[in-house]
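In the part that follows, the structures are each spelled out as structure tokens.
One chain, chain A, appears in both complexes that follow, with chain B as partner in the first and chain C in the second.
After this line comes the complex of A and B, so read on.
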């Protein structure tokens, strides 16, 4: 951020001399400050997981959801500003609804991803608007099977097998890369997703957090839904156990050093 | 130069505004139609039937239409009247259900709410003098309670133990008065099917817009179940003995 104060970062309609649009990069920063969100596309479905950081113990468990549904077969997990997220989710619902009213068919993943991408991109063009401070991860099942896309503040939208956004993005991506996503079942993926969110969580920075998990699979009737309470509990158990194991391993290594 | 008058499409015309040539018109009746829907309460829930015919006037135009529609896990809709308007309504209800699903608030639209929503749409359209040309039967189980209601193109609504539309009101309701009303709790599924089939058989005998290919549906605590099309056994030898009616 050496270019701060050079005057090229005030408007999204001005490039810097080296071809950057700083306002979009700042929007990306807003995403990077948020709790981690990940998506996994596996052989029989899609799983979304979010590390919802809680700023108070007084919050009702399950409130302020960061994974939302946009038209039954589409799930949206977000990292970044929640107010911007809600606006984008409304937009996604409107797009899904409009597509359905025209074609009487569910909107395919790549169409909704493209439309959301184009919408977000329009907010990188004008000095009168601020880019969205949110990356949205879209989970969807259509005629081509399970799909996963991520739309970033720049308007870039990309299809993934696994993706991550937010604070723990680097750690999460490293973990996701170790998975054999095309062989995993949704049931396994739920556990892995929980484990990755717990591993990416930085206890030093944020104490309180809540895991949100959702999926689209045969078990959910091919609709996007939060995972049932028992599946969530099992996943959290798995995540906490593997965290403990890691700690034990670390301790052993330290012992060896001694 | 003479002034040019542009003719606006009729959809843009308002009385007193556009170049008035003719008064605005509204649909004067249904085009492709379905006939009776018959439904009643029985011990386990609601049972309903409708045949598979969509007529174009007196022509038996489409012979494998489904006039029973599962709105959600607990609600069933049967439609008589204009099939285009029915398709529009199905679409609209799908949108309502999708919207409800997206809210993700742990609430579900029960049968009563779906019925109210449908009634409001129908009444709203008739008040706009642009009715949807249908008579609907809504049936379901809402919080353990059986719900069976009727709404038509005038926005008329009522709930009853036995409900039918159109010619079914003339033919089936008198039969159901005798066999269902007041004893809905005693009727087993087997008996309900027998009663319903009897109604549909008589309707097929007497209704020139009916078809002997129909679907039956039930809503119980287990959910909505719509059957595949089936036919009833008929006996036309009685016809020999009918005297009068110009025969």
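After this line comes the complex of A and C, so read on.
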């Protein structure tokens, strides 16, 4: 349900009579218009996956990445405006670097999430700036193990076992809720993440897309990295096969009806 | 519906989740004459249509050299292009002075992308009204990037921006799989062919209004204007004649 915020929605420093800041809600719309991004926190690591919608066949495959690294043990996947994402990742890198120079240790997940949340929230306080049109999913492994946080345009940040943002977030969330995340390994999670992205992708609306997949696990030396080419290929195969199986199931059911 | 309420500055989101000022800045890019960029395994090429305000004036500069290994083609507000090209030149020089190596192209474009993003977020500033096609050659090979006023930077095999550029993009999409193995000469002619599709009825590409730029593994950033473009325009005509006789 959307109510028009006429008159109260021109500036982020204005509340509406029912206590909403419409400019922040509009920034959220920018996130909802973008390709889906998901994060899965499992037994032995974290996986990030993004549905990179391509507007042209001329784009170089493997370029224009939407998953970035901010500190060797922190991965950031984003749904929303890429230029805003780069701004936030730059800030995250500065925060991680500064923490390290003061404490001589890697910045813990909940602290980087809080710093990012506070930074994003600061842009929702003044009329001279606009809120970020990005939801960032932070994957981090620290001394407490693998962790996952999502920071929204309002500055709210929450820890998750599994989260999704972007166009297909409803479909993705439904699929994620069916998984037993505490029992999966990273290898399983990579395949599931690919399957969920493919399932959430709307073939009719956006024909061209590329899957981007990254992880933090023992295999990557507990550092954030895009998955190796063979793992990516295997995940895509698994995803495509599941899509075909769903189609076959539909066909079978039609036959039974006859 | 209430478009005019949300389009006054870059620090206002519209109810649909767009920033109209950024969209309007992209319109300025579409007002500029077309530029085309495309790359092979070893080279990247730019081709541009130049406009002249009147017969007595010279044609404006569309392709600008940033460094020996990098160049840009501009479409939109030329003065904004100057600001960005000066910034790129300074960064390129600084890279050589501080690190003793040529500025990697990807970093250069991300730097201007970040610069442009700030202009889309603060009150009192306006987005840059220019789109760029950035070409360069570094340790990771030849690259072609598009920079747009929103600060988004994308890498392509071939692309076109500016007035009527969709026709050029369609042409490029049809042929891009052959670009990789083309020689420099073939790549330039292919670029001119795509560029020609953006010309309005009755207008031709000639040595006065065409500009060509290229860089590669064995070629420093070079810009061809005037008579230097004639050999390639001739090859373009020859190619057409050959196709007609078949």
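Brief remarks on what is shown
What we mean here is this: the second predicted complex is superposed on the first by the 252 of 258 C-alpha atoms of A that agree within 3 Å, B and C clash if a C-alpha of one lies under 4 Å from a C-alpha of the other, contacts with A are read in each partner's own complex, and residues count from 1 in each chain.
Note that in this section a residue touches a chain if its C-beta (ideal position, glycine included) is under 8 Å from a C-beta of that chain, and two chains touch if they have at least 3 such contacts.
Keep in mind that this is a model prediction, so the values were computed, not measured.
By the document's definition of touching, neither partner reaches A:43: not chain B, not chain C. Between chain B and chain C, it is C that contacts the larger number of residues in chain A.
Of the two partner chains placed by the overlay, only chain C lies in contact with A:6; chain B stays clear of it. After overlaying the two complexes on the shared chain, residue contacts for A:110 are found with neither chain B nor chain C.
Of the two partner chains placed by superposition, A:238 touches none, neither chain B nor chain C. Of the two partner chains, chain B is the only one that A:70 touches; chain C does not reach it. Considering their complex, residues 91, 94-95, 98-99, 101-102, 104 of chain B touch chain A. Those residues of chain A whose C-beta lies close enough to touch chain C in the complex are 2, 4-6, 9-12, 22-23, 26-33, 56-60, 63-64, 81-84, 86-87, 90, 123, 127-133.
Remark: chain A residues 65, 68-72, 93, 96-97, 100-101, 104, 223, 226 touch chain B in the complex.
Across the interface of their complex, chain A is touched by residues 2, 5-6, 10-19, 110, 113-114, 116-118, 120-124, 150-159, 169, 172-173, 176 of chain C.
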